[in-house]
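Following this line, the structures themselves.
Common to both upcoming complexes is subunit A, partnered first by subunit B, then by subunit C.
Then we have the complex of A and B:
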């Protein structure tokens, strides 16, 4: 491996950091939004009310049958048509991620809720708590603890998926690396570096998952 | 206080309750027993509306449980319930378990709830465990916390659904002692249990169920000494002599 020159990385640091900032911002906001919407989807599917459950199931199945990149495109082109003005790459990408991730988080959260014994709900009901209070105070805290490892795993996948925003001309970490690589003619160095960074972050994430899984099992 | 009037219930083709009627007066202790699958647990869960009925009416403290318009949550807040498997909230401390519904349902202040909670934990002998989580307690201790949790709501009546069935034998008495004390203080109680010693000591009446029907309902003394029904004699001889 002669002639590798990683100084290109140091030179491009502000640009790359900006890209990483966007990747992380998108990931965290999409996790937050996806979990809120996903919780509602899970509760709808478990509500026992046929129209509500059916609508939620339809949503989940539709979104999960479509490639993420297509969802990103849709919102880039469709949302401006619907509201009559452009919303910009960032917001359309964020909406797409939230919509997309909610379908996956919804299924994880549904499994988590079902892992809480039915007797817990009965105990809550018997003490006079109402439906939303039982979900908020009794069921979801326990469900969240049980499903935390899977949620973090999904977060790692999401972090990697943020590289797809290049299709709406956003500069995430991956896209920034590509731009530097091509402008400076340092393809090998930049791609090795990018791979190393993704690996470090995702591996740290999966170590966290392992620890969380051990704690949940305890 | 509690009046159960001709209730029936089925799951598909299985009739779990047929035409059950009984009443529990204020301050009365009624024990419900019978073989497993006889409908005892379903019956007691109908009393606070955890299970619905197909026909018949149940009234608790003047409120009709089975009426569509009844605010079940408000009614349940006035009826304490203790479950076979305790059902303490595992993610909260013992004290928070006892305080949760006081704050969320009765809108008591945190200090008020904690005061009441500590007083009740004291009473069931567990004040020293207030800061622990349920998993750190024995089954008997957990069930006593569950009783304290129910009492914290100042209930007009208490329902016990096989409160000692999931306990190791050496822990049964610590739970029964709390229940006996409660009975002696005049709490209205409906207790599904196989603990016939408990029934003899504190029950005013004993109800015997078989295959979804109430086949015997009489004062405790008569139930044990002069059971009218063949199935009851059978049941008692099995449960008392082994």
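Then we have the complex of A and C:
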């Protein structure tokens, strides 16, 4: 093995930064979309109406039993077909991530809502609030606070999962690293570098989770 | 939407064979990787609770490293980087003579990654046990190894069955990452059928149904395991 030469990283900096930009954008949009859809799924599962609860449970169980890569392939194939013209990999991937992550966020949020004492809902009803007002003003704010550490953990997992857009050649940080690695013949340097970057970001995130969890416990 | 349905394509040769072969490969990868993941995860989980500081630190470092790097990066690391940084003879053997290097690499990468997640479950299972129990065991003259073998592990291994089951389910899904290094498992085969026939609906539906079937079988089987192992009168499994 020859000596390592990390100058390849410095030379490709703009390309890699662009890739990281796409990774982070995809992560943030998928978290936002996944949480909105996930909240609706959680409320549906806890609504007490059998058809609604069953449909939500079916969605969650179906999505949670298939691999993310298969979901990405599904929507890479479906979205252009449904729209009738090519839309580019980014939107297909974003939809796939929102659909997929909503099932996981839904379960986290459901647990969070269940952690709010029943008395809170009853007190809300007694003081004349309606269902949506109780959810918005009483239950969800408390539930969100309880589940913040788990939500951030899921965000870290999601950030790692965005590397899978590699399978549809979307230029995220991972795919950009692979392209540079192959073009410059510097596989060892680029994969070590990519591993280091992902580790630094995700490890910092996991330290944040520990702090949040300590504060929630205090 | 303009689409020509053709479900019969799934039963045609060679596509039916591709799907069946892919499903078998998915199960093979997942089960082989699980042997590594469970064995190593158990060992690491125990190390994280040992009275020995060096063991705790080493296991914690392993867990943090393997949990905080995407599985895809790890897969590429073992496949592309390992043969380069090993001594020349070993690297050449991997590249030229090792039988089925893609399959072996996928199993190794998936096993080592999942071990870090199993380790966390085992650790929390051990730490959830009331401290009075191991204290009583030490007080009655047991050594550390005996405390683990006769007191801590029999309880912890039962309480962690539900979370470990979810890791076991995840390993089947994560085995799909093997396609990135060229293993034609279930997801790869459905993608390949789509490319050959343009029947994406049929091919991806078939793969989805097979994954759901695998998940159902695993869930039912693990329920049986949990029920069989339950200690009467101990509500450790209620969670």
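The definition used in the following text is that the second predicted complex is superposed on the first by the 216 of 218 C-alpha atoms of A that agree within 3 Å, B and C clash if a C-alpha of one lies under 4 Å from a C-alpha of the other, contacts with A are read in each partner's own complex, and residues count from 1 in each chain.
Keep this in mind: a contact is a pair of C-beta atoms (placed from the backbone, for glycine too) under 8 Å apart; a residue touches a chain by one contact, two chains touch by 3 or more.
Just so it is clear, the model here is predicted, and its values are computed rather than measured.
Of the two partner chains placed by the overlay, neither subunit B nor subunit C lies in contact with A:169. In the superposition on chain A, contact of A:126 is made with subunit B only, not with subunit C. With both structures placed on the common chain, the touch criterion links A:192 to subunit C but leaves subunit B unconnected. Of the two partners subunit B and subunit C, more subunit A residues are in touch with C. Applying the stated contact rule after C-alpha superposition, one finds that A:47 touches neither subunit B nor subunit C. Look at A:70: by the touch rule set out above, it reaches subunit C but stays clear of subunit B.
Only residues 45, 48, 50, 72-81, 83, 85, 87-91, 100-101, 104-106, 149-150, 153, 159 of subunit B touch subunit A when the two sit together in their complex. Against subunit B, in their complex, subunit A makes its touches with residues 117, 119-120, 122-123, 125-130, 133, 137-138, 141-142, 145.
Touching subunit C in their complex are the following residues of subunit A: 1, 62, 64-70, 73-74, 77-78, 81-82, 84, 156, 160-161, 163-164, 166-167, 174, 178, 181, 187-188, 191-192, 194-195, 198-199, 202-203, 206.
On the side of subunit C, the complex with subunit A involves touching residues 1-3, 64-65, 67-74, 76-77, 80-81, 84-85, 88, 91, 169, 172-177, 179-180, 187, 190-191, 194, 200-201, 204, 207-208, 211-212, 214-216.
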